[in-house]
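Note that the chains take the letters A, B, C, D and E in the order they are written out, and that residue 1 is the start of every chain.
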Amino acid sequence: MTVDAAAWDALRLSLWVACWATILAVPLALWVAWILARRDFWGKTALNAAVHLPLVLPPVVTGYLLLSLFGRTAPLGQALESIGLRLAFHWSGAVLAAIIMGFPLMVRAMRLAIEAVDPKLEEAALTLGAPRRDVFMRVTLPLIVPGILAGAVMGFAKAVGEFGATITFVANIPGQTQTLPSAIWSALQIPGAEGRAAAMVLMACVLAVGAIVLSELLAKRVAQRIAGT
Amino acid sequence: MTVDAAAWDALRLSLWVACWATILAVPLALWVAWILARRDFWGKTALNAAVHLPLVLPPVVTGYLLLSLFGRTAPLGQALESIGLRLAFHWSGAVLAAIIMGFPLMVRAMRLAIEAVDPKLEEAALTLGAPRRDVFMRVTLPLIVPGILAGAVMGFAKAVGEFGATITFVANIPGQTQTLPSAIWSALQIPGAEGRAAAMVLMACVLAVGAIVLSELLAKRVAQRIAGT
Amino acid sequence: DQRVTVFAAASLQGALEEIAASYITPVTHSFAGSGTIARQIAAGAPADVVVLASPDWMDWVSDNAPETPLKTANIAGNTLVVVAQAGASPLSDVTQIASRLADGRLAMGHRDAVPAGRYAREWLQSTGQWTLLQDRLAETDNVRAALALVAKAEAPLGIVYATDAQAEARVEDVLTIPTAGHSPIRYPAAALTPAGLDYLSHLQSDAARDILARHGFSKGTP
Amino acid sequence: MSLIVDIQHRFGDFDLTVAFEAGPGITALFGRSGAGKTTVVNAVAGLLTPDQGRVRFDDQTLFDSTTGQDLPADKRHFGYVFQDARLFPHLTVRQNLEFGAKYTQNAPVASLDETADLLGLQGLLARAPNTLSGGEKQRVALGRALLSQPRMLLMDEPLASLDGPRKQDILPFLEQLRDGLFTIPILYVSHAVDEVARLADRLVLLQDGQVRAQGPLFDVMADPAAVPLLGVREAGAVLEAEVCAHADDGLSTLRLSAGNLELPGVQAAVGSTVRLRVLAQDVILSLDRPDGLSSVNILPVKIDQVHPGDGPGAAIALSSGTDRLLARVTARAVKEMRLHQGMHCFAIIKATTVAPGSIGR
Amino acid sequence: MSLIVDIQHRFGDFDLTVAFEAGPGITALFGRSGAGKTTVVNAVAGLLTPDQGRVRFDDQTLFDSTTGQDLPADKRHFGYVFQDARLFPHLTVRQNLEFGAKYTQNAPVASLDETADLLGLQGLLARAPNTLSGGEKQRVALGRALLSQPRMLLMDEPLASLDGPRKQDILPFLEQLRDGLFTIPILYVSHAVDEVARLADRLVLLQDGQVRAQGPLFDVMADPAAVPLLGVREAGAVLEAEVCAHADDGLSTLRLSAGNLELPGVQAAVGSTVRLRVLAQDVILSLDRPDGLSSVNILPVKIDQVHPGDGPGAAIALSSGTDRLLARVTARAVKEMRLHQGMHCFAIIKATTVAPGSIGR
């Protein structure tokens, strides 16, 4: 196994992208999960299907769709670029790709957790005069922390592992958009570079295992607090 | 959009593979989820990490790992082939790839559901003389149906969408191992075949949306039964 | 089984399917990237013939395949072109690339991982433009993706195979790249079975060469 | 301050049609399991939208099916002690109580610490709800609702899982809420008649989703017709008496309109008014004023009504001055003693029958 | 059939040290909120592993901390009615009951339909538990445990959320379990003394995790020292009497060792034995045999012990023949009537005081 500077760059970038993706996606996924769990509205099935889409489509397709939506020639992409937000060929685009690819996983975990919350507890909070937002922040949210953690760690892991949509959307620019999976993939396409690939696979594993262990520890603390031990 | 025989073949194969993957993975994922949710044992973190691994690794890497484990030149692959089970370059390998890639999603959903079951209900069942297995089958299992459905639909969607590991492990042979994503990818490699690709993307969407709608209907029935409406 | 199975690099897809149609036995293709195919062959893929886009990978196959190929041959060659969106004015030489890019990027296959990208890098290095351009690339996981970037105007310029450029209406060649500037682009094929041996001859037939030529491939140098 | 409820709701084959007025003071909702008590309270709290009807509090319409008005639960400021405790499992006992106190603008009637003291929660403040016993949970829930300083309290069997002595600690506190400077009206669900008799000002008797009797407590309790609704063993009149004196041996003299009672353990100050519950089955009728009895409480009474029951007993409505009493005697005694309307006789009330828990205000 | 419990367990600063023997018949665990009742029952059921000690049932060791034996809950065949109902939410009421009946080998004491009838569940069988009222849930839980035909029943306040009339329906059924051909021992947690008095054969009084008194019900209940543990209003002796005759007017004559009582509403057959609870506060002492009273139940008694209480009352232990009674009178009456040990006098027991619910067996 050989570790070169490019590998470290890729690791750093992957960590960066995965952290951003997780931080940005969690609130959004929570909102969507809440809507799907608790509201009935016209187009709910469509929203639900849309959330799942990145799971179903080959990642390249998602990448192309992203390019057509957020590319520098697409209206949306131009609008964003005019306010200073560049996505295509930029690490922020990798964040977007990671968010979208991880979204179904995050939403599902959070939705399951929200559906498991006893609405009677929320009713109790309401009768104590807590407005709906406070009920959410102070009752629902703390109770679904395990689901949020599960969603976050899945989103993080997926962000660390995402390849197809990322390389299609933001290409593979070393130090800028070359994430660990892109680097691993590149190494695997070169005869005899398996050693470099293996080293980077290990890095990705360490990153993800770290996130998993951390989330499990947090979840355990929450569970113990509720059990009172 | 043009739909040719190869596209229908790919659709049929994807449906077949996704169904098999879902059917086979659900019980296994349920077992792992149960262990992770309810047991404490040495190596639990390792198991947990292993389950998440396919999420973290670029799919190609998973594909290569599968190839080197189950390839026709690998000892394990040869052993399996000697008992009539061919995996590499065979649709059953696509099933395996889909199972592995969908596994983290399924396990998470089921685990969250299991953790949300009130152990007091299981205790009540025990005191009525139900042995542990019956408690699981008749109390825990029905209560986690929403989680199982969520896991199954995610696994199914992932199986429909899985590309990287599949094309690497079982290649891209039309009518035999060319799933919808592989066919879409192939179409995207031919200039001017975007129409074919779009048609197949639509097929994949219909497949997945169908599964989602079905699972939501089932989940709603379970929820209504518990709510008593 | 009567069928002939061909594992081939994706960039040959259009041409190989046409060639197969004129063969007596039905032919089944499995297209993927060269690296993937090479590893599949090593893992015992049920291929009669393998066609790659990279001589390096073919060497690797020869070393790693469970059985040594019965015969190998280069069935085609290719050339690189610089493309821009349709309607763009031609470049007079390589030094203009940088200015034409402005703040855009030069799309091409990955410099090491994708054969087309490797040839492009060699050419840019031989013309002394590499150091100037290497931070302004948009490297992709296959040539088609690079082509799509130019077609969608995400990148002003791209370096792709002439065959790809010819098939995509939304792009136009703006500079032809001399074959001398990089190692020769060859598509090595290998027959792994007796049936494959026969099909390999078919691939080398005049009819096949015509089809390859029509798709823009050059003659395979031995 | 008054709550006006007039609602209809249907669950499958259960039909609720309820109209009553509650408060100020404590209004007890009394009825058997499944009578619809919780359903009514939920509708008042805003947790259930009735099919039809109106709920008003003072001038404010909380719910009106004709206009579509439906004030959300968090805007109603009704404290609700649920039949199941519904503590927040992720918060400690102290944090649960703090949650109750958080959304109130009113000046606190009792601080968190006072409330915890009263409810015996001081040792439990740092604990997780899941580690509490059944009665402890219920006490925390009670404290949480009390601390939210509601403009009305809804209590769904809040004392059902509490032991006798603990109840005796908490009842005075509820009385204080009823009678304090800032009186909070209370809607109190119970199937314990003694609690109802001690606390309630008005009584609403529910049966199968319908109101069978309602009115001021004294009227409903002294009505022989309510005996079957309350349960034969639990029926009995409620009286008000003035405290005249406390003797050295612990007995207090209470003045009723037609005589005095000597009772132990009366805590109220001389001159104040207390509430007495006299169970119908604890009243013995005698034709002559008896003597040589350990019971010193004998009142002259006039028989207002002899109400034969379904079984071997009869309910006798009595007046003693302006007070009303209820006696339950056997049909044989009615015959042998020739008890009849308008007859004068004596009621013997055992001193210790009127237990401390039945004395309120 | 007997259960031997001798365990220690510690939760934070709560220390449980409990040793008692239970069954055959009904053993009541009585104690205030937080006394440790549920903890004991959980340990017996196998849902809690105590820090130390032994639990045996007949010859079988269920738990022994020294040998490490710990029989799993599903092998103990103890039916458990939980303080919270714990119905299976995904099953209908009928399916919940069927779940109870499924894992039993014994011949059914009562069929599912009989049980549902008894508990008033017939109209609810198709319903989901989430749509039931509090009392309805508890009844289903009771039915489910009964249908599991356990070798012992553990009941944690099973009747707390039931209304009076419903309790009166269910208590005879529990008595039947106690007294039927295949007697099932019952460990019964309650803080309602009247239930305990009616049902229990043995009484274990818990306080702060310690056993304060235990023994046969008649002994513990007639002991003036137990009065503060049971609550002043609830103390009272329990007697057994033989049914002699049923008169036309509904009164029955019951024979005690030193005289007869006339009581209404006795359902038992002539010649059978019934259990009577006579509250200490319902016994009036008279120096002479009084007449002209609506109360026809007068027994000659001898004072065994005068036990002054903390307050203005005194507990008087009496014997009447071989029966023991407890009377609570005021200290003033003790003084004025000069009540003292060995003295002979008369106890007046109001006919209607011994209500149907207090008559058992």
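Criterion: a contact is a pair of C-beta atoms (placed from the backbone, for glycine too) under 8 Å apart; a residue touches a chain by one contact, two chains touch by 3 or more.
Note that the coordinates shown come from a computational prediction; the quantities given were computed from them, not determined experimentally.
*Asks:* Please give the intersection of the contact partners of subunit B with those of subunit E.
*Replies:* none
*Asks:* Among the chains, which one keeps its Cα centre farthest from the Cα centre of subunit A?
*Replies:* Greatest centre separation from subunit A goes to chain E.
*Asks:* Count the C-beta pairs in contact for every pair of chains, then give the pair with the highest total.
*Replies:* Of all chain pairs, the one joined by the most C-beta contacts is D-E.
*Asks:* In whole angstrom, how far does the Cα centroid of subunit A sit from the Cα centroid of subunit C?
*Replies:* 35
*Asks:* Roughly how far is subunit D from subunit E, centre to centre by C-alpha average, rounded to an integer in Å?
*Replies:* Computed from C-alpha means, the inter-chain centre distance equals 26 Å.
*Asks:* Using mean C-alpha positions as chain centres, tell me how far subunit C is from subunit D in Å, no decimals.
*Replies:* About 90 Å, centre to centre.
*Asks:* List, in ascending order, every residue of subunit D touching at least 2 other chains.
*Replies:* 84, 127, 131
*Asks:* Identify all positions of subunit B at which a residue touches two or more other chains, and write them in rising order.
*Replies:* 60, 64, 188 - these are the residues of subunit B that touch more than one other chain.
*Asks:* Which pairs of chains touch one another in this structure?
*Replies:* By the stated definition, chains touch in these pairs: A-B, A-C, A-D, B-C, B-E, D-E.
*Asks:* In their shared complex, at which residues does subunit C touch subunit B?
*Replies:* Answer in residue numbers: 5, 7, 10-11, 13-14, 28-32, 36, 39-40, 42-46, 66, 142, 144, 147, 164, 167-169.
*Asks:* Sort out for me which residues of subunit B touch subunit C in the complex.
*Replies:* 60, 63-64, 67-68, 71-74, 77, 88-89, 167-168, 171-178, 186, 188-192
*Asks:* Going by the contact rule at the top, pick out the subunit D residues touching subunit E in the complex.
*Replies:* 11-13, 31-34, 37-38, 83-84, 123, 127, 131, 133-136, 139, 156-157, 160-166, 191, 193, 231-234, 247, 249-251, 262, 264-265, 280-282, 284-288, 290, 292-296, 311-313, 328-333, 335, 337, 348, 350-353, 355, 357
*Asks:* Where on subunit B does subunit A make contact in their complex?
*Replies:* Listed in rising order, the residues of subunit B that touch subunit A are 45, 48-49, 52-61, 64, 104-105, 108-109, 111-113, 115-116, 146-147, 150, 153-154, 157-158, 160-161, 163-164, 181-182, 184-185, 188, 197, 201, 204-205, 207-209, 212-213, 216, 223.
*Asks:* Applying the document's contact rule, which stretches of subunit C touch subunit A when the two form their complex?
*Replies:* The touching residues are 33-35, 38, 56-57, 59-60, 105, 107, 110, 112-114, 135, 137-141, 145, 148-149, 152-154.
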